[in-house]
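In the two complexes that follow, chain A is the common piece, with chain B as its partner first and chain C second.
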Partner chain A sequence: MKTHSKWMDGLVYRLDVITVLALAALLAVFFSCVNPRFLSVHNFYNMLQLNAALIIVSVGMTFVVMSGNMDLSSGSVIVLSASVMGVVYRATGNIGLAMAACLAVAVLIGVLNGFLISHLKINAVIITLSCMVWARGLALGITDAKSIVVSSPVLQAIYSPFAFGFFNLSLVIVVLCLLGGWFLMTKTRFGRYVKALGENEHATQLAGIDTRRVKWALFALAGFLVGIASLIDLARLGSAVVTIGNGMELNAIVAVVIGGNRLSGGKGSFGKTVAGLLFMCILTNGLSTLGVTDDKTYLIKGGIILGALVIQMLSNRFRLYYLRHANE
Partner chain B sequence: MNQAAGKKAVSGEQLRASLEKGGILLVFALLFLLFSVLSAKFCTTANIFNIFKQVSHIAILAIGMTFVFLYGGMDLSAGANIFLGAVCVAAMLEEGLPVWAAVAVAVGLCTAMGLLNGIIIEKLGINCVIVTLGSQLLIRGLALHIIAEYRQWIYVKNPAVLYLNTGTVLGMPVLLLLTAALYAVAYLVLSRSAFGRRVYAVGGNERAAHLCGLNTSRIKMLCYMISGLCAGVAGIVIASRLGMVNTTVGIGMEFDAVTAVVLGGCAVKGGEGNVLKTFVGALIVGMIANFMTLSGVNEHFQDAVLGGFILLAAVFNRFTLGKND
Partner chain C sequence: MVPVLEMQGISKRFPGVQALSGVDLKLYGGEITSLIGQNGAGKSTLMKILGGNYQKDEGKIRIHGKEVEIAGTADAARLGIGIVYQELSLLNNLTVAENIFLGRELVNGIRLNNREMNEQARRYLEEFGIDNIEVNKNVEIYSLAKQQLIEIVKVLSHRPEILVLDEPTAALTNEDTKRLFRILFRLKEQGICIVFISHRLGEIKRYCDSGTILMNGRVTASVRMEDVDELKIIEYMLGGSYQAYEKQAAAVRHSETPVLELRDIRLKDRLYGAGCKIYKGEIAGFTGLLGAGQDLLWRVAYGALPADSGEILVNGKPQTIKNPGQAVRCGIGLLTENRKEEGLFADLSVLDNIALPTLGRFRYSAVFPFLNYRKIRQSCRAYSDRLAVKMSSIHTKVQFLSGGNQQKAIVSRWLLRDLEVLIFIEPTRGVDVGAKADIYKILEDLAAEGKAIVVVSTDTTEILQLSDRIFVMCGGRVSDIIEGKSDEETLARLIQGSPAKCTPAGSTPVVSTPAEGSPAESTPAGEEVTT
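This part shows the complex of A and B:
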């Protein structure tokens, strides 16, 4: 019988988070070699600001993935709700109405997708895939693929600092979303039901839980968070740009999964999502500071994401192997 | 009383079964009639041949997608792969390679990309959606890298490749014959060969197939390779149709192929579907696009309608397919 020290067990138990943090550190070292200013407080702050929308979408995506589903529509819903907001603002000039319309569109699409997935029992991938296509088509259609400027003091307030010279409303919203998501997942009945759903849907239903309502609620919640992300991104850019939210679904899913949350659902935590987010933020931000052409950006990003997925999978295999043999 | 209820249930089941069998043909016929009534230009021989030509690359791409769907997977990198195929064949011809060599390089490279997907998905056990979303970036990046060498724009001047688009045999467009031949091969493989039955077996119940002694992971990897191969052929077709290749080729084409496959009644969980119905699905996609272009609908709204059709097809399949999807 082999003996294992406790801290070693603990280390291996957390190997998924350690792996992704190590990968993130590796990326950070690489990018700071190319660009010495990469590792600075200022750039880190910038990174948080640029990726505020991604962080908020990932909170919703954590719930969706934890329940064993997948949402491919977030990027398209962001561009659609931003476009609706732009169109409403251009027509009425009322920023309150425009913001309400933006959130309402995102929540409604979440409710619609949730209904189709939970009550009609259609595969989430195909429903959100179709939503990805029609929402983007609709967004480009109603704006005629042109940007709409939305300038209002309310939106500017989101990014203007009100304390310590850097602390602004967008940071508050991001922190609130993360804390709210964490609270909902770990401290409430809803969070437990979501995890149970991902672990075994049939058993959850037999335990007397209305799984359809839970599924519906979690897609509506994810839709709401996408709406907030759309608002924040629009406020950052100052206009409803047609490329807003491009690739968001991939970034969010990879952020959630690379941190070690199981894609088939049931297992995971917000800590893992945050670790995955750190990796994704460093990757996207670092690539934009490299200043390389489009083709190289695609190549590097695709290669690193696939490579990281493979490494994470291998480390997970080792982890399971170790944990199985540690108990013998 | 009971008997009457039983009879009603049976007829409901019969209705479901007949809808599953012929629903797609019914939808096709209804749409065809509707479009013919609404637009005078729609139902003409020239336009119908035109639809066949317009839809050929999607139809060929959808063959590979059908194989992947049948085993229960998804290939979202198909759109990027078609772009790689088109860029590759155009670039190789530009370098002065003979046609057969250029075609072989393009198809070979695309098949290799399919194999790469298959290896990562099968040997490492990572979800197919996330892998193909990631590899899509890699493949598009590779193709963009090649096309950047030619200032983002390559003309296809080779007469043999252009003949694919313009040529006719016995009054039929060559593209139509090529598509039909590929579908015939795919149909024979899926319904008459051992490999085809194995694909259905893996899609129906993977564990049972594995216990029966099938090498399930090799079958799945072959499905991804077929998807890559079809993307390569479709890439050559689109290079021939457009007469040039630029950076916008292939964007969103994976969705067209998925629409065709889902319209054709493939179960997303695998094990059910028929490649000939996929062809009807592809024709429906082409018909809708053609009709909307004829009636001057904005191209962005065309995308929206297409997305709506994936949704409708999924809902339709939910009520007609035997098992819950």
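This part shows the complex of A and C:
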């Protein structure tokens, strides 16, 4: 295997990302054949806007998955914090207070989940699964399952373009979240401890790291990002709808995993998440331009995701096989 | 002279067990002290109290004569205590430098200063004379021996005054052990006091200055190494009830047809046409350097690894063995050194562990296909009694057994299957001296009953004590076969091998005894008579 070039080695090393990007490109080509307007700058920017919340939630999910945990509550927390925001706005008319309440609820739930997971040592799947149920219940309770209109110039400002005719605050926030997440993950102690935690919790503790604090901070961070996602989605829709954030956690997990991040934690990168997001965004957006009914959309989307995961798994198996032999 | 560390009257109780009672330990600077004892004697507990993982119930710890409290791992680190634990605590997904600096990263503001950390890590490695390790590569690409060295460097980079090594050599070859001790001797000269825990008495005798011996949580003796011999140490460990293992009788060859023959086994970059013949009633020892292929060859024979080419003959008939199930049906069983991962079901009872692969035989009948538990219990008891597995009952979970008894439980499992060839890979790794002799006795008894026993081990003492014939492997082939008596030096020389014999891509392996050439590369000359 030593005869292979460095170039080839590097290519195989990044095969997981390359596979997703290739699949994304394939989808893009298909959708643009069906609908020529698919491959336009306008549509691309539209795609980013529609998926702003998903991208932001995925940033937090990358940390959670990297640490070897799982957060199933994101979608429900989005609807709960959006509902709280709606209720506060309806009661006080103060948009600043409402936004603060929205973020506070999301962070608090993150802290609560983090506490239960780290200090009571209960599995994250169990904790966030129960949270997924009770948070949605609470949201329905405080809104009577009705939408609350929140129309404020501050929220409208998020989606009004201030440059190039399309560049708006939501895109700035998305980019900031991605860059901030990347920086936190690769350039700070926190990121390194999250990675260490995902590989081996016991060894991380032995190194003198307070893993409970890391976990706590991790879920608080994820909660904060969910809060921002909730704000952004509410601003886009103009009202706190009960279906807001529906299935968000699963989409985020799929985006993170399909990009090649290891589901059991410890291995991955932000680049992989971004690649996975690109795939998911193209898929969702492309399907919506096809104009098929909901039931078919779900079926096709699920099928394509399944196929992509299988291809990703096979390519990863090849990648590991190659790397193992190239190392000898 | 004031000892650097003094532990006095240390007691520790766990629910149901008095792990330590009134243990005294004194360590002096510039000395390597060994902590000796069987599994469960309390060595690790004592060191975990020192490292702040456990809290003592009673007793005092003094460092340089001043009493200290060690409430947690952070305290221990602050007091200059560095511990290399038995299980490596390296993180596979981080680089060497990232591992060394884990928990105390260097930062510029909030940004990690990776360049500086890499630079310092490189200097540490250099300081301890370790080359061939790149600080910016993930640790997972390095061998176990190198990881062990990285772990030690990680602990040493804290500049401890007291260094504890808990069985650091269990996975190391002789060569790596020597390298490790070269580093330890350097540290010793710098006045660091070192605690060395190992099951290998030879190493302890050779390298340590003094020893404290524990039995059942009490100190039975504190000795200077020059005053005692290995037998004396074993007496202190076991309370005087030990008889050194000595092989009773040489093998009786029951048949001229080998029960198992491997021909020209090849595995890309690993095995280059290895072969051998194994007869009923003998113990065949396979040894070699780490990576010489002795374990891989037998994993191939057991169907756990697919070979690229080669033939496997059972009782003279060619067989395809592509998975362990087929191997077991051919009468071949394998026990690995990875008891935890590859052998045992820690959460299941001894009974379940023994009976699991044989359950099919314990149905009432084909029409009433339910398990007859009374019969299972009887059979399992019969075998576990025969091997003297120490346990409170057959329903005890296997994780509560000591290493030696776990090993016996797995042997019972294969005895129940009534196999003809039993392959033992590193049968006594992590097993203490008392249980070791038991296991040797069992292997010998099994061979005497007419089973063919294959022992794969890097422990040359073990191989010499046990084997009727010794197969030395080198560069993926059987390079030498020793029949009859041999000694450590001869074996060590053969294991190191000569370049002519060990160049992987080379042709026919040379067989040392007797000196006639062999036509087929897989048929060593020593066995000419039988073909």
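Throughout what follows, the second predicted complex is superposed on the first by the 326 of 328 C-alpha atoms of A that agree within 3 Å, B and C clash if a C-alpha of one lies under 4 Å from a C-alpha of the other, contacts with A are read in each partner's own complex, and residues count from 1 in each chain.
One rule holds for everything that comes next: a contact is a pair of C-beta atoms (placed from the backbone, for glycine too) under 8 Å apart; a residue touches a chain by one contact, two chains touch by 3 or more.
Everything numeric in this text was worked out from a predicted model, so none of it was measured.
Colleague: Touching A:Val257 in the superposition: chain B (first), chain C (second), both, neither?
Modeller: first
Colleague: Identify the partner contact of A:Lys187: answer first if only chain B is touched, second if only chain C is, both if each is, neither if none is.
Modeller: second
Colleague: Give one of first, second, both or neither to describe whether A:Lys195 is in contact with chain B, with chain C, with both, or with none.
Modeller: After superposition on chain A, A:Lys195 lies in contact with chain C alone.
Colleague: Which holds for A:Gly141: it touches chain B only (first), chain C only (second), both, or neither?
Modeller: The first partner, chain B, only.
Colleague: Is A:Lys267 touching the first partner chain B, the second partner chain C, both, or neither of them?
Modeller: A:Lys267: touches chain C, not chain B.
Colleague: Could you say whether A:Met70 touches chain B, chain C, both of them, or neither, answering first, second, both or neither?
Modeller: The first partner, chain B, only.
Colleague: Which partner does A:Leu116 reach: the first (chain B), the second (chain C), both, or neither?
Modeller: A:Leu116: touches chain B, not chain C.
Colleague: Between chain B and chain C, pick out the one touching the greater number of residues of chain A.
Modeller: It is B that touches the greater number of chain A residues.
Colleague: Where on chain A is chain B touching in the complex?
Modeller: Contact set of chain A toward chain B: 70, 72, 116, 120-123, 125-127, 129-141, 144-145, 249-250, 253-254, 257, 263-264, 293-303, 305-306, 309-310, 313-314.
Colleague: How about chain A: which of its residues touch chain C in the complex?
Modeller: The touching residues are 187-189, 192, 195-196, 198-200, 202-209, 266-267, 325, 327-328.
Colleague: Help me check something: in the complex, which residues belonging to chain B touch chain A?
Modeller: 74, 120, 124-127, 129-131, 133-142, 144-145, 147-148, 252, 255, 258, 262, 268-269, 298, 300-308, 310-311, 314-315, 318, 324-325
Colleague: Name, in rising order, each residue of chain C that touches chain A in their complex.
Modeller: 73-74, 77, 85, 89-94, 98, 102-105, 107, 110-112, 141, 269
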